[in-house]
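The structures come next, written out as structure tokens.
Same chain, two partners: chain A is paired with chain B first, then with chain C.
Now for the complex of A and B:
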């Protein structure tokens, strides 16, 4: 999977000179990583692709003291397939998610969302882990992860824990991660069900754009073609990526073609709590939430 | 006519150095002992500056000097009205006003020192809406004035009352447009070097108009012009935007350089650039139009109010172009137009590609479609009934008889090529699905060059070397538009030399003839004529020398392919050989070409006269797809027909069309600098959105050529016309698609879905 162009490999490595008063760690294995976390007492700033971190610290990078760079941790770049789950390392880039056939087949919504992130440059540096830990309500991979019931494996000096992605986000750019904790991988369960899904991203231009609003939808059908499980998640319209559970409930055990689209759309539009910001007004978001829910449901009906 | 060098898509002469990275830009300049400067900006848009405490900042290591308004010999400058502060003196008037500038040995030290400057402000309540500033008795932004009005241009033609009486249909509409950032890729950069050779100060940098900057620096320093030298580096774009803001930076850097006796570099970040550099004027426009049932325009009444922001800058001229073009290219017997500019405490506004035309064209071309709808007529037919032809009389009373008026030609060509009529009718019908298609068009006439703004003249020096190569010194500057190549082609055509034998020297006020500013799409037209003159002067001297030395008659002598031919087209010798012989004989091989534009006139009281000596005509057609459920607009195709007189370099003309169409698209559907009580809310490109390559539609450029008697080889203008039409065409296409008329730019998703903007540029909260 590793393809590095010659140019990238030949680039001069960051030299210790640049960090004489502070530390720059680049562990090559998980073991080494844990050793660093355990052995180093001061603040450590974790860097993955850097596409959020460098922007957030524009012109004040010098304020960051000690760095922990995850880029040499090949273990975190793996995608592993099992019978009942897929594990995606936190250092997997959007580029890989949007190019891999297996991802496209198993998690088409995640695949499409990854392809909609930023631009080729951003996709080839930005990681799924960075997207999750940034925890922006507009993070494009978050609604897809929630509709696939993803779990997050978090490691630290003390051990590890696994949490539901749906429980990870606590507010805009806020999450449950504690100091010294690292997101190792994302675990997405696999079932033998038939999935039908949709992804809609609305933004003010066609590339390099933070979503004004987004929607991820996943329905799994049982043998008799009734909806067995429903997941609808809206991005950019609440402090966190928001699953609309009442709407999910409303269509359970329904026949796909008999869903009351209007009812679901109304619920979605009511449950979100959008704000006015530079990417859109609350009024716009509510109206469009309604519209894209209708659109996504009619799309899956025709799949 | 057969050409060898012009009318050809020659490769740009500056392409190699640009793609290899050899080209030096302002921020690349390095000098021994150079200091790094940084500006401290005001904290409040409108505030009294009670005290500035520099003590802590001065004590910082590596800090060499700090200046405030007190250190500026003459703190107010301006090309038209001198009221722009180099640094805020008693009050800051807008959020980008500078308070102090630090020069230090490192950029870091300068940044640190900036944070240590203590300023005591008294925040004042400002005015952020030009309509409020206009009210009688409102507080004065510039206390020396009687009102906040920067300028008022009236235009009166016929009898407006009578015109509306004769109309069967009258409609009234209001339109508005936002602040726009020029969005050059390279932020402003200057380096001031003290006492280089015989100049008091030399400024290098990303300077659009070296002579304007020379004037500003001289006036600020109270120094003679011949002691101030400005050297233009390669430009990473400008679009009208690197004039006053760069002059102000040049002056600040110059003062610091003289104070420290060291070179001083002042380079903006993107945030600083967006915060301190002037913008395109937001306009609020009221249009009233009257026509007969069969579509004859009878009367037009227009009021356009521009927000000038804190300073006058280019407002008097920008609004003047608006008054000339506000009715569009239509014959209307009765016109009453008033354009105004008012001071506010918003960011100041100035030149940007288009210069007062995109705003009024958006309004007037939207209005024409609205009128067509009212009359139940198709928009092409209504336009064809009223457009200018040869000998038409414009709103300002000018008879268009000096050149081919090609409006009908550009309109017809664009309409046919885009299949407009068929699509317009098809899209007008009910469309199924969420995505609706639409097509729309707009047309314009545009005065070439400065017009009655100022004397319009330019000079060129050509110096033929002993080996037959040539140095070309121009006062007009390459700003990325391709000027160097075009000038080399014109000189090459006349001298019979390949363009790689001609070296266009960077503009340097030490040598280059002062030719005014590189603005108003004037460089090919005015400067091109000067190149022609200089080359002809040189050619005549060569002919005379050859005729005398080789018993030829001057009329028989031809310069072509680097050679000189005589009677019966017999080759006499190469130009290279001739050059060395002529030099030995003492023939002057340096020539000067000076071109002054034909006469123009303007009566400021009634807005009548011949404001420009020639015009260009254009038509753009936009085809869009509107998702009525999300508001997303997909511009599918733009067809752009432009009469350029003659395309000196067709590839370059197309380049201008592609770029201008994209900027027009940005103006139409996404660009908007948002302000709130004078604060700018989107100070970087993450939130100030310009189109990406993914937003680029299919663009079909149609070059129309009707050589102009006053243009060099018939050439006129292309830079600005390409940008002024897009937003209006897109607005009309959206109306065709979604049956929704949006009269406020940008036509973004919000407006399609909820019909209003997030915040109005310049408006109150």
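Now for the complex of A and C:
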């Protein structure tokens, strides 16, 4: 006799009669993956680490009929270094991002954000691809990806396309991905400039917390130590991770030590469009936006 | 009901299971293998009571479908005891009174074990990070951290 675990008892189970319609695919190569997407017309639920899916669907997992599990696709687990870019497979976990020295060296803000996700148990399963496709405004890897000008390679039965991460997100939990499309990898361009970056995540406690607000900052310095490119992105304070372009413009070509911190902080605080929710009020978020912008800029000045 | 065939090594023993397509690893371990040391607290990844080690990594067993980990090695709290001898972590938890109601203990032990397997000499910060996904409502964590630290120290002095 199979005992039902607590909390599961109300969950209807798949009846034997229906199950013949249910399918479970576990491709081992990209070729096989494409063949499945092309050959299967019904809805397919893509599962990576499952840490978002199992929570979102806990009460109605039985409704999912056809699974496409990406866990055996080693091609999607690679991190490849080139002279001018780094490619990160969508199935790379937060744990790997937070442990790899190369990521720490090249993209410290992404590295830090991955280390701050959830808990060791969540980091060992949760993937960068799942974080992107869930497209939560509070997704912690999204602001870091935007400040490094990441691009996303999307594949489908029809071919592939590459889009700017900045254009991928269209609203809370919404993005441009179409049915039958898979996020294959994240491409981050590498420049010879010196980067100075900061990551700040604000939440009610340190572990296992969804960000109330977050900030990712990256400044590229030119040879005479002027700011050549600036990227400031705020998470959890708008429907999508939001680059504050007016603030970025305001500090271009400045010397780092001469940045008007107060002016930048004011712009950031005005440009976000926060809401009231259980993690904080809009007013609170605007105030915290001021504080974390000040803090991030002072941090990079001391780097 | 049509089942999915999965083979797993659990606590060093091989099992060929036929699981339901919507069965979580937590369900398989508790209900099929009767490993009830694996606890269900929140069911959504927040409490860590269901933590087991899959292929060397601490994982919430409520967050994984059994069908997803075909071929993997799983270690639960029951597997810490070998030939009637408790793991040094278990002995240290007893010695330092790191157990009160005990509900969080199996998960805590597995998170600590996963840490020590990878890093036999963690500092206090690393210990705290390793158990940051495990909630304890009783001890206030202090005794748990001390119990893990004591194992580390003993190891170092040998």
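Of note:
What we mean here is this: the second predicted complex is superposed on the first by the 283 of 303 C-alpha atoms of A that agree within 3 Å, B and C clash if a C-alpha of one lies under 4 Å from a C-alpha of the other, contacts with A are read in each partner's own complex, and residues count from 1 in each chain.
Quick note on the criterion: a residue touches a chain if its C-beta (ideal position, glycine included) is under 8 Å from a C-beta of that chain, and two chains touch if they have at least 3 such contacts.
Quantities reported herein were computed from a predicted structural model and do not represent experimental measurements.
Look at A:276: by the touch rule set out above, it reaches chain B but stays clear of chain C.
By the touch criterion defined above, A:119 lies against chain B and chain C together after alignment on the C-alpha atoms of chain A.
Of the two partner chains placed around the shared chain by superposition, chain B and chain C are both touched by A:206. Between chain B and chain C, C touches the greater number of residues of chain A.
When the two structures are aligned on the shared chain, A:288 is found in touch with chain B, with no touch to chain C. Judged by the touch definition given at the top, the superposed model places A:54 against chain C, while chain B stays out of reach. In the superposition on chain A, no contact is made by A:159 with either chain B or chain C. Shared-chain residue A:39: touches no atom of chain B or chain C.
Touched by chain B in one complex and by chain C in the other are residues 55, 62, 119, 206-208 of chain A. Within the complex formed with chain A, the residues of chain B that make contact are 108, 269, 434, 629-632, 634, 670, 674, 681-682, 686-687, 689, 691-695, 748-750, 753-754, 758.
Chain C makes touch with chain A in their complex at residues 1-2, 4, 20-22, 24, 26-27, 30-32, 40, 43-46, 48, 51, 57-60, 62-65, 67-68, 111, 114-115, 129-130, 132-134. Residues 2-8, 11, 13-16, 19-20, 22, 24, 47, 49-51, 54-55, 58, 61-62, 64, 67, 69, 71, 95, 118-122, 124-125, 206-208 of chain A are the ones that touch chain C when the two sit in their complex.
Remark: chain A residues 55, 59, 62, 119, 200, 202, 204-210, 212, 276, 278, 280-281, 283-284, 287-288, 291-292, 294-295 touch chain B in the complex.
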